[in-house]
Structures are given as structure tokens and as C-alpha cells.
Amino acid sequence: MDLVVQIMFGVTGLLILGAALMVVSVRNIIHAALWLIACFFGIAMLYLLLHAEFLAIVQVLLYIGAVAVLVLFAVMLTRQIDDPDEPVLFQRWRSTLLIAVLLFAAVLVPTIYTHDWQTFTDPQPTFAGPRELGFAFMNAYLLPFQIAAVLLLAALVGAIIIAMEDQEQRRVRVLTLAEEVALRREREPSPPARSAHPQPTSSSTTPPPVPPAHEQAGEGA
Amino acid sequence: MITTDELQINIGPQHPSTHGVFRMLITVDGETVVNLEPVFGYLHRNHEQLAEVNTYLQNMPYTDRLDYFNSMANNHAYALAVEKLAGIEVPERAEYIRVLMVELTRILNHAGAVGFMINDMGAWQTPLAFGIREREKILDLFELVSGARMMCNYFRFGGVVRDLPDDFIPRLKKLMVAMPAYIDELERLLRENEILLARSEGIGILPREVAVSYGVTGPVLRGSGIAYDIRKAEPYSIYDRFDFDVPVGSVGDVYDRFLVRIEEMRQSRRILEQIIEQLPDASGGHINPKARQNVRPPVGDAYARIESPKGELGFYLVSDGSTKPYRYKVRAPSFINLTPLGDMCRGYKVADIVVILGSIDIVMGEVDR
Amino acid sequence: MYDVVDFILNTQLGLNSPDWVVMLISHLIVVAILFAIAPVQVLFLTYYERRAIARMQDRVGPNRVGYEGLLQPIADGVKMFTKEDIVPVSADQRVHLLAPIVTAAPVMYMFAVLPWGPNMIAVDLPTGLLFFFAISSISTVGLLMAGWASNNKFALLGAMRAVAQVVSYEIPALLSLLFAVMLTGSMSLMAIVEAQSGLFISTTDVPNIPDLGLGWFVFTPVGFLAFVCFFIAALAEGERTPFDIPEADSEIVAGYMTEYSGMKFALFYLAQYILNFLLCAITATIFFGGWQGPGIAWLVSQSLSADNPAGNPVYNVLAGMLGTFYLLAKTYAFFFVMVALRGAFPRLRIDQLMNFGWKFLIPLTMINILSAALWIAITRWGTAQGFGIIEFAGEPSNLVRWLIAFAVTLVINVAAYWFLARLNIQDHVARQAALAAGGLAVSPPRSA
Amino acid sequence: MSNDTLTHSLTFTEAPAALTVVVDPTPQIARGSAVVVERRRPKAAGWSLLQGLGVVVDHWRKSFRKLDDTTQIAGTFTTEYPEERLPLPEAYRNMPILLFDDATGHELCTSCFQCQRICPPQVIHMTQAKDPDTGKPVPAVSEFIIEYDACMSCGFCAEVCPFDAIKMDHNFELSTADHSSLTVHKTDLLRPISYYQSIAPTFWAEAEASAYKKLETNKKRRPATIGIAPQMLAQLKAAHELRDDQQEATMPTTAVASAPAPATSSAAPPARSAALAASASDLPTDKAARLAAIRARNEAKAAVQAAPATASAAPAASDGGDLPTDKAARLAAIRARNEAKKAAEQAAAAEAAPTLATPDMPPTDVQPAASEQAAPPAPTVPDASLDEKAARLAAIRARNEAKKADEQTAAAGAAPTLATPDVPPTDVPPATSEQAAPPAPAVPDAPLDEKAARLAAIRARNAAKKAAQAEGE
């Protein structure tokens, strides 16, 4: 069983790393977003290997079902998603890479040193169940949980503010015909009584066959 | 701030809900329509020019093809125009038969129009199927008298092709029983339906001044609140002998047009009842004027109009004394009613366009001619 | 299935296969069975829908291929297979190809957690319910891919609509299902079904109720409101009328499927119908007792199990068959409702759909969660949980507790529904008045 | 000015204060009023939706019975078309057809060009037949074409036809993959009167009545009227009896709506009659055919001896003298001949042709002669007795048929066939009994039949020409 798990871990790790590489290197931004989804999926598989079933499912539900979809949504709404003139990589990518590697090492090195590599214990299947997570959030990690909640609320408010139309700068909303007519009526409060058509005479005489003017105009078009 | 772009979309000419080959070039901002440009002419078939090389009678079957839903009404308008031009009298019974046919046409047109409009709203054809069911019954009657279901070619100058067969009136009476049941059921299905209300109320409002200035007629005009019905305003044929009401809307939106059509079906049924009562017997005159194959009207012109189910249908004829019209002009209600479409759709959602278009009730055969 | 494979491999054949081999084989067999069932279900559903809706419209429906047209879906399938696969030149070829797969594959996974009968479930995940909706949310990625890769405005619009709709209706769907999780204390679908034994009153609330398999959640006010909300949300998620906006043919042709043909199109179709089937099945499972029904409990009690080694294995089979029958019967009944809705109603507009979801459905489900909490408190809690008020007149019996809970939640839910509906009607009345006052004061839908 | 009076006059005034669209509920509309439609509100949230759902489910429930009464609005109203068919009303019109008289094969069309003139899409084309001798036009059509693909089924042609020759068919199953087949020629347009009578009995009764009336008036003015001759109608029965034993299957049975084989009586292809004869015989086909062939040959030889081939008219004339008595013999001859033809074909197919006989003359020789012979008789002997003429005509036809049969056999791959070339041009009787002859001897009215005979002559000539052309190609 261990061997199987290790093989699957290796495959999953490769998938995640490969997908992550594609995310940053692929030119088409939609493709990058799709690779990101593959990456998220790999992470969900990692959770499964750790018996963190609930977390895996939440990962799929939130990161793929919501976050990635929103990313895709936003990307699709932007124009010029792939500009061939733009270089693939960021200009100062070397220094960026250095910083990234250093940061990663700063996280990784202490972990490597402090971890007891001798005992590989199969984690308890319920260590990340919904009940346990709930207790953890509501007891030990109540403060971080609440801070995160406030942060998200702030983000929500920010999004609303961005989405709200600025009263001064907003574009003129398209008026419907009824609204236009209402405005016109307000502007010219008392138009004289008028007759749209001449009074029809008795039915015996031939009324003038006058099709409305715009019909003739429209027919030429 | 977020800025968005406008997008141009072609709806049509091949599109499920354009009622034929009709194109709407829409500019949308998100889902809101900023501009709509109706483009038509894809079905142009030279109707009016063709009519000038045909004799007067030869044009009769071509009028069937104008608004193929209402061939009887088209026939009536054209027959009226030629009769006016040539001064032909129509026997009493023929007049009754004519009005009978045109009112049946009105019912079948409205049954279809309501069905198609609800179909455009996304109902999976049930109201349409109900409408088609009733329409089939009426078309059976048309087939009985004229020999064709849609391209009836039934009217002749000074009469109709042939008298009603013996079993026509009994069958019509049966239909008169089914008709109110159908209308009631349609109302139960749709009239208070919240989804329909949400989709139709306040949508596609055509204020009455605009309606008048565009020359809109028919249920669209009446939906905008103007009680203008040629059958009342300038009674032609024998319409002054019947009691019926003119339903009008109060707002001028899609819902009003829908209601006006339903009410007009009821009123048409009222007229039919009176016709059955008053129909004179066959002795009253020569219904089928076979002799008038070659009408040669005197030099002059004439314009005759009727209240077709879609609005004012007029035929303008100029005669140079020959057997062929010198000028032949159709005032097609679908075409005139379609012209305010761009104005009506502005500011609404993309999904509303098709509903507004459906509520106008157009037939492209009449628009493009 | 594990037991069976274990028995055959290790006991009968004496192979001494390792545990994981047995597990793999048993899972493969189950997957094969489910993958065979799913398309057959779709075939039958399409036929069923077409026939039923035709009847509603006084028509006959497909009746030419095979007896009464039963082979019609197969004929359609053959047509789909033989159709030319058209990929637009300007489409993103790879994404265009992947999209139907990404859409169709996840819905197949969803079969994994569906309980068909007593002990008949592919994987009894403790988080089955969440799994169900998590997996279904992957499909939306496929829709988005399809819409974008087609390089067609209609397709893109359809995909946007689909995603917006599905993502927003997942919230009320999940919120309305939360009550079942609270009541049973588990997200396992099997546990939820098992909790619905009884007769109008669940045995979890009143244990001494006779078990006829009819203690469905839908008989409680909480469950009923949740059922209504969930079914509406399921309609939106399955893109059924009146929420079939993403593929509104009268507006945007076929939505994200516009540029697809042949088998790729069929895959979308397949995915959609499997999803509809599963949504109906999950409705039946959570609110209508799934495989529960009269006779199941007796059959189970007679059957062979670890607790009852003297049981007859024939009863195991019978219980499974009866359970499957109950589940399918309920599922098809719900699908019939879906078909009837499709036959009766026009579709909403996208903004109206959003309004309905966010302003009506989500508040209602929120209140329902409150009701569910009250239900738990009234039926189960006592002084120990700080709910001593229930014992104001001495220790109440379970039945009395149930009745009190029923009354309280009924009042809350009806009031909530009435209040929200009234807001809606008031809005409508105001709109009417504005229209009647000149038809001009009405505010059109605002631009996004 | 207080409120808007939106009457039919379309006059409206605007009340600026209220900006309302108020429609006067009782404007001055004669016999009725303007009613404002009521905009209803949903009674309770969701209630109307359930109501709508109820309607649909109700229909589903009721749909298991058939909607057969038009007063009802629920129930399946589908007509499952190929199995079930709606009864077509008599007035139903689809595509125009031409009528001919069942008994005589006399086509009613006189090529008056009325229909061609009225046809709105101009899809009717006809060629008037000409007297082959004088070149003067005669009241009959030699060719009549209707472009079905462009026809709009307006029914004007049937309406204007003064001779009831063109009527609207009820057959609507015309779809075809072959576009050119929708240009329909006269042979495919022709239907017997009985067919039209079966689809529209009252219409035909009316047409008949008016035709009689017209005929009565015309007879006084112009004795040589063309139309439905009452005399001929009276003799229909006799003619039918005469041909019952021979042609009952050839005559189209017109009870069903299926279109009959067109032009069966005027120009029945020999193959068909041969097949009929073969089907009538009970003997094993091969042997019977051979026997019949031999008999036919013997008879033919006898006929050749009796009348030389060069003078075709003479034997016909002599034959015409005792026509009625001769009838039985003729019939026998025809049968024999048909059987012979059949046998020839079969034999050719079975590669047994050489064993039977050798051809007396090549088919190419026959045709010019036939066409020459066909032309003269009618004009040269205008006052000759009817029967003589009919006989001549029959002779021509017989020859044509012989030719056709010949061509067919030739086409079948067996050039030296036996029976058909054997039949000499003088073999008058067969054709006579086939077509025009049976009524002819019994018809006392001279002018009519003369005309018919002439027409027949013209037709024969045309056919001969065509055959010649075909041969030339």
C-alpha cells in the first residue's frame, strides 16, 4: 500500500509541478487559467492522499468550482488576452526567480531540518473531517478565522465599490423609448392638441392612399 | 472604474426566432441593447412589380403569399380594392361569407401569434401547440370551402369562388364550442403566470404618440391604448352590422398586446355568432362570378383597406383601363409595425428583443414582399 | 462488491490477492456497471421527455422507431455518431475538444455516491453530499471552455450565462440541503436515506414509529421548504425550464453548444441529461427517502448481514431490487415534473433569474436553516444543551416534541415565505401602478 | 380636455398634468365600445404557476384518448399520416390534371388556351394539334406541359376551363428527387373522368350538368361540338361490356386516391397488354407462349395472304363492312397477338428466339410506310364511311404498336425477334379492339366520330413520327 501511495504521490507531484510551470510559461492566458485548474486538481489529489477527504472536496468546490471559474470569467471578459508582441516572461525574471527560490528555501529548509524523517505515519482518516475542522475553527483558531472573515468582508465591500457606478463618471444609461417620451413630455409640458390623421370621412369616399412617410423611406433601405 | 465594451451581434438572418429571414443588427452593452437595426429584404420577391404584369385576377393568388397566415384577409383587401376600382357589387351572401372567413382568419392568426410570442419567451411550444390545434380546425374549414389550407385564393371580384358546402355551418358551430374553451384555457395557462408577467410587463413599451407617428396599426396600436379599428372607423364590407368591442391596452407593452389579441379572439367569435344568425340563404345572388375573369376597370385609382389581423392592410391600385393594374401597392401592416422595433428594443435586454419582436407579430412574407 | 470479489478471489480461487487488488477490481466492476447505466438512463430520459411533453401538447411524440418509438434515442445516437464533427477554423482546437470531456466526465463521477438500495452504493463517502456538488461544479469549467473555445459570440454569451447561473444557484442548493446534514449529523447520502425510515415521522425523531420507509424529510415543514428551494435550484443547475437561459434557443441559438456537432454535441447532451437525472435522484434521496419505501425495512431485517448471520441472501437481492425500484420511480416522477414545467412555462430572463435566486431563494433557505436548528433543538435538546425551556411542563414525549417542532417551524417557514412573496407582489403591484399611471414611470432593467 | 377620448378618429389630446394614457371606456364607436383589457395580478405567489402546471398535466392525462370531436380541446389530435389520412374535401386542389373519357380515350381538352392565359405563374404550355393533311389547327392538343415545380395550385386553370378538361388533382404525394420529372407532359397528366368522379363526385356532377346544358345550346348552333357528347356517354356502358374481358385490369381502377397509370387507354404500351395476356393464361408460361406464338404466326400469315401488305386501306375497308360480326374473331386475334408478343419477349430473354421464327421484315422498313399511311386516310376520304376510317386508324395504331414492341424486343438484346415483325401492317383488328374501334361501329353520329377518327389519325401519325425519330437516333 505504501508503494502505491508513494507512486501516486510522485505522479501527483509531477502533475502539479508541470501544471504550475505551464501556468507561468504558456502564452495564451486562457490556457494558463486552465492549467491552473489542473494544478488545483492535483492539490486536491494530494489532500486525498493525506486522507483529508473533506479538504480535497472543498478544494475542488472552492478553487475549481468558484475561484478558477471566476478567474476564467474575468480573463474572458478582458480584451487582447494574448498579445503576440508581449514577451512571455517578465523582463527581470532572473531576479524574480532568485527571490522566489530564496523565499521557498526559507520555508522549506526549516521544515526539512525539523521533520523527523524516520517515522512515516499514516494520518488518521478523520483528522480533517468537517467536525474536526469545525471544532478547530471555533476553538483553537477562532481569532485567525475571524480575521480572515473580516478580510473577506472587506474584499466584498471593495468589490461592491468597484462595481458601483460612479455617479459623475458613469456613462449615460440607455434610455428606453418610454423614458425618452416621458422626458420629452416633461420638457414640453403642454403640447397643443393635435390630430395624428385627418378625420376620416365617411366610408363611401376614397380616402387618400397616403402611406406614412417613413414607410417609403424604409422601403428604399 | 470598470469600463466595458459594446458588442455587435447579428441576430439573424438565420436564427430560430426571427420569424423568417430577418436580421437584427444589435449593439449590446453587456446584455442591454444599445442599438438595434432591423435589416430586411431577404425575402423580397418583387411582389408589386410582378403584379403589374399580371391581370387583376391573376394577382389574387399572389396576395395569399403576402401574409401566408391570413390569406383570406389579404384576398379580401385586394378584392375590395379591385371592386372599388371597377365598381363591382357584391351579393349579400358573399359579403357574409367573406366576413366569416376573415374573422376566422383573425382567430387563427392570433392563436398563432400568441403561441409564437410565448414560444419566443421560451415556453416549449405548448401554447403554440394549443394554438396550432385550434388553427388546424379552422384550416380544415378553409380547405372545405376553398380547397387549400393556407393559400386559399378564395375571393373573387364580386363574390367568392363557391358557396359554402352543406356541412360547413355545422362544423363551424362545433368549432364555436371549442373556441371559448381554448381561450379560457390559454388564459388559465398564461394570463396570470408570474413568469409571463415578469417577461412581458413593462417590456417593449410603445407610447401612443410614438405608435401614431410611426403609423403602427392593429393590435400593436390598440395595445398602446388607441381604439383604432378600421372595422369601426371606416366600416367596409358589412362590418357595420355587427356588435363587437374594440379591446385596447393601457400601457402599450408586450403584455397589453398579448391581452388585446386574446380579447380580439373573443370578439371575433362574437362576430361569427352574429354571422351564423344573419347569414342569408343561397338564393340571394350569384356568388361565384365566373364571368369576371377579365376585369377591365376604368382609368382611375382606388385604395381599399381592411383591418387585417395584423393591422391596416391596404391595396392601392391605379388602372390605365387595361386588364392589368398600372400600379399596385401594398400597405403591409407587418412592415409598418416592424419599423419601430429598433426604438422599442432600446434599453432592454437581449432576451427581450425576441419577445418584443414576437409581440409585434410579423410575417416576413408581408414585410419583404 | 468488495466482499464478493474477496470471496471469489481469495476464498474460492485461493489467490491470496492483496487488499488493494481486491479493492481495485471491485471498484472497476462497480464503475463499469455505473458507466453502462448512465448512458442507458440518458437514452431513456430523452425518449421519456419527448413522449411526455408531446402528450402535454396533445401530440403523440416519437413513435416510429421500434415499438412505440422506444428505439428512437438509439436512432438519434446513431445519427450523432455518424455526423460530421465540425470544428470552426478560428476555434481553439484543443480546448474545443476538451470542453465536452470536462463537462461530461464529472457528472459520471457523481454516480459514485448515489445510494441505489440498502447497502447498494459505489462509495459511501462520509462527505458524499459535498462531493456531489463539488464534482458538479467542475462541469461549469467545461461550459466556459466550450463557450470560449468556440469563438462565437452566442457561445460565449451562453457560457457566461451558464456559469453565472450555475455558480449562483449552487448556493441556495447547498444551503437548502444543509438541513439534512444538520438533522442527520452526516454528509453521507446513505446515512441521510437511512434516517428517513418511519411513517410520516422519522424514526430519528420518534424512534417507536412503525417503519414503513415513509419518514421522509419532505413531510416536515423544514424539509418541505428545503425541497421546494432545492428543486428550483436544481432546475437552474440542470438548465431546465424556466431556467434554461444558457441555451435559450430563441435568443442565443444553442448557447455554448452552438458550434458543436456530432458526438461532441452528444456529450454535452449526455452530461446535461445525466445531471438532470442525478439532480432528480438526489432530490428523491434527500427529501423523499431515496430507496426507502414500504417493505424495505422488513426485507432488510430478513436479509443476511453481519448482525443477522441467519438471514437469507435472497432477501438482500430483493431489498436491493425494491430499493432501486423505489429510487427510480421517485426519480422519474421528479423528471416528469421537470418535463411538465418545461411544457408549461416560459423562461425567465437572466437578471430576473439572479434576482430570484439572490433575493428570494437564498433568504428563504437561510431562514430554513434557522428552522432546522430549532427543529433539532426542540426534538433532541434538553436542559443539558441549554434548552431547558422545552421541559416547562415536565419531560415531553418524543411525539409531543415532534408536534411542537412541526408547529413552530411551520409558522416560521410560512411566515418567511409569505413575507418574501409579499415583497415580490408588492414590487409587482408598484410596477403595475407605475405602468398604469402612464406607462412611463417604470424603470427598465438597468445595465450591468 | 378633461381626459383623452381616443376614439377611432385618432384624435387625442394630451393632459400635461397627469401624463396618463387614459382611454375613455365608452368612446363613440358604433355598435360596441372600446374596452380596456384587464391587466391581472397573480393572486398569491406561485399560485398561478401551479394553475398553469395543472393545465398542462391535465392535457397529459386527457391525451390518451383521441381528439375526434372538434368541440373538444383536449386529446391527441395528431393524424399519423402514412397510416391515417384526413379525408380530403372535394374542393381540395393540388396540381392540375387533364381528363379523358374512360370509354373512348377522347381527351376533353380542345386547346382553347384559356388555362394557359390565366395561369399566374405561366406554367401551362400547350401545342394545338394540326390536321396533318391541311395543316389547319384542330381542337385538340398534341402536347400539354405543366411545370408542377412552379405551379402554385391556385386552381384558376380548372376554374376557367370551359370544357372541364383540366381539373385539380387530390394527389399531394409528389415529392421526388428528380426535378425534371416535375415538368409533366400530357401522357402523365391524363386521367380518366372516372378518376375525377371518384375524388369529387358532386363537382363532377355539376360540371356534367353544365356541360350538358352548354351542349344543348351549342348543338343547335354548331352541330360539330366538341365536349362531352351525350351520345358517347350513353354508349359508355356498352363499350365497357365489350372490353370487360380484355381490358378490365388495364383500365385504371380509380376508387383509391392513387393516381392511375396515365394514358392507358389511348396508347397502351404493348408490353403491358402482353403481360396481361400472359397473366390471363393458366398454362406454364414458356410452353403456352410458344404455342401462342406459333398460332399467332399462323394467323398472321393467313392475314398476310388475305390482304397484301402494300394496300393497307383496302382490307380495312372491306373489314369495316362487317365489323360487328367480326368482333369476336378480332378479339381472339388480339389475344393471340398479345400472347405472341409476350412469348417473343420471353423467348428472346431465354435465348430461344432463333428456334421459333425469323423476322419477315426489319422494323426500320415499317415506319416510313406507317407514317405515310397514317397521314392520307382521313383527309382523302372525308366522306367515306366511318368504319372504314376507324379501321384505318386502327391499322395505323396496330402498326405503331408492332413497331414499339419490336423496339422493345430489340432493346432487350434479341434483335431478330419473331412475332412482332410478323404482324403485318394489315393486321387491323387488334388495334381496333384496343382503342377507338369498339364504340366506333356502334356510333351512328357521324360528325363526332369523324372528328375523333381524325384526331386519332393525327395522334397515330405523331406517334409514328416519334417512333421514327427514336429509331433514327
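Chains: A, B, C and D, in written order; residue numbering restarts at 1 for each.
Just so we're on the same page, a contact is a pair of C-beta atoms (placed from the backbone, for glycine too) under 8 Å apart; a residue touches a chain by one contact, two chains touch by 3 or more.
Bear in mind the structure is a predicted one, so any value in this text is a computation, not a measurement.
Novice: Central chain, going by Cα centroids?
Specialist: Most central by this criterion: B.
Novice: Relative to chain D, which chain's C-alpha centre is the most remote?
Specialist: The most remote chain is A.
Novice: Taking the mean of the CA coordinates per chain, how far is chain C from chain D in Å?
Specialist: Once rounded, the distance between the two centres reads 65 Å.
Novice: Using Cα averages as centroids, what's the distance between chain A and chain D in whole Å?
Specialist: Spacing between the chain centres: roughly 74 Å.
Novice: At what distance in angstrom does the C-alpha mean of chain C lie from that of chain A?
Specialist: The answer is 25 Å.
Novice: Cα centroid separation between chain B and chain D, in whole Å?
Specialist: Inter-chain centre distance comes to 40 Å.
Novice: At which residue positions does chain C touch at least two other chains?
Specialist: In chain C, the residues touching two or more other chains are 56-59, 343-345, 428, 432, 435-436, 438-440, 442, 444, 447.
Novice: Give me the residues of chain B that touch two or more other chains.
Specialist: In chain B, 4, 29, 32, 126, 130, 133, 189, 193, 195, 197, 201, 205, 207, 209, 212, 233, 235, 250-252, 347-348 touch at least two other chains.
Novice: Could you say which residues in chain D touch two or more other chains, in rising order?
Specialist: As it turns out, chain D has residues touching two or more other chains at 8-10, 12, 14, 19, 21, 39, 41-42, 45-46, 49, 52, 55-56, 67, 77.
Novice: In their complex, what parts of chain B are in touch with chain A?
Specialist: 1-2, 4-5, 29, 32-34, 41, 84, 205-207, 209-210, 212-215, 233-236, 252, 301-303, 305, 314, 316, 329, 331, 335-336, 339-340, 343-344, 346-348
Novice: In their shared complex, at which residues does chain C touch chain A?
Specialist: Residues in contact with chain A: 19-20, 92, 95, 125-127, 130-131, 133-135, 137-138, 140-141, 144-145, 148, 156, 160, 163, 167, 170, 187, 438-442, 444, 446-447.
Novice: Enumerate the contact residues on chain A facing chain B in the complex.
Specialist: Listed in rising order, the residues are 77, 79, 162-163, 165-166, 169, 173-179, 181, 196-197, 200, 203, 206-209, 211-212, 214-215, 218-219, 221.
Novice: Mind listing the chain C positions that touch chain D in their complex?
Specialist: Touching chain D from chain C are residues 52, 55-60, 63, 340-341, 343-345, 417, 421-422, 424-425, 428-429, 432, 435-440.
Novice: Which of the residues in chain A come into contact with chain C in the complex?
Specialist: 1, 4, 28, 30-31, 34, 37, 53-54, 57-58, 60-61, 64-66, 68-70, 72-73, 76, 129-130, 173-174, 176, 178-179, 181-182, 185
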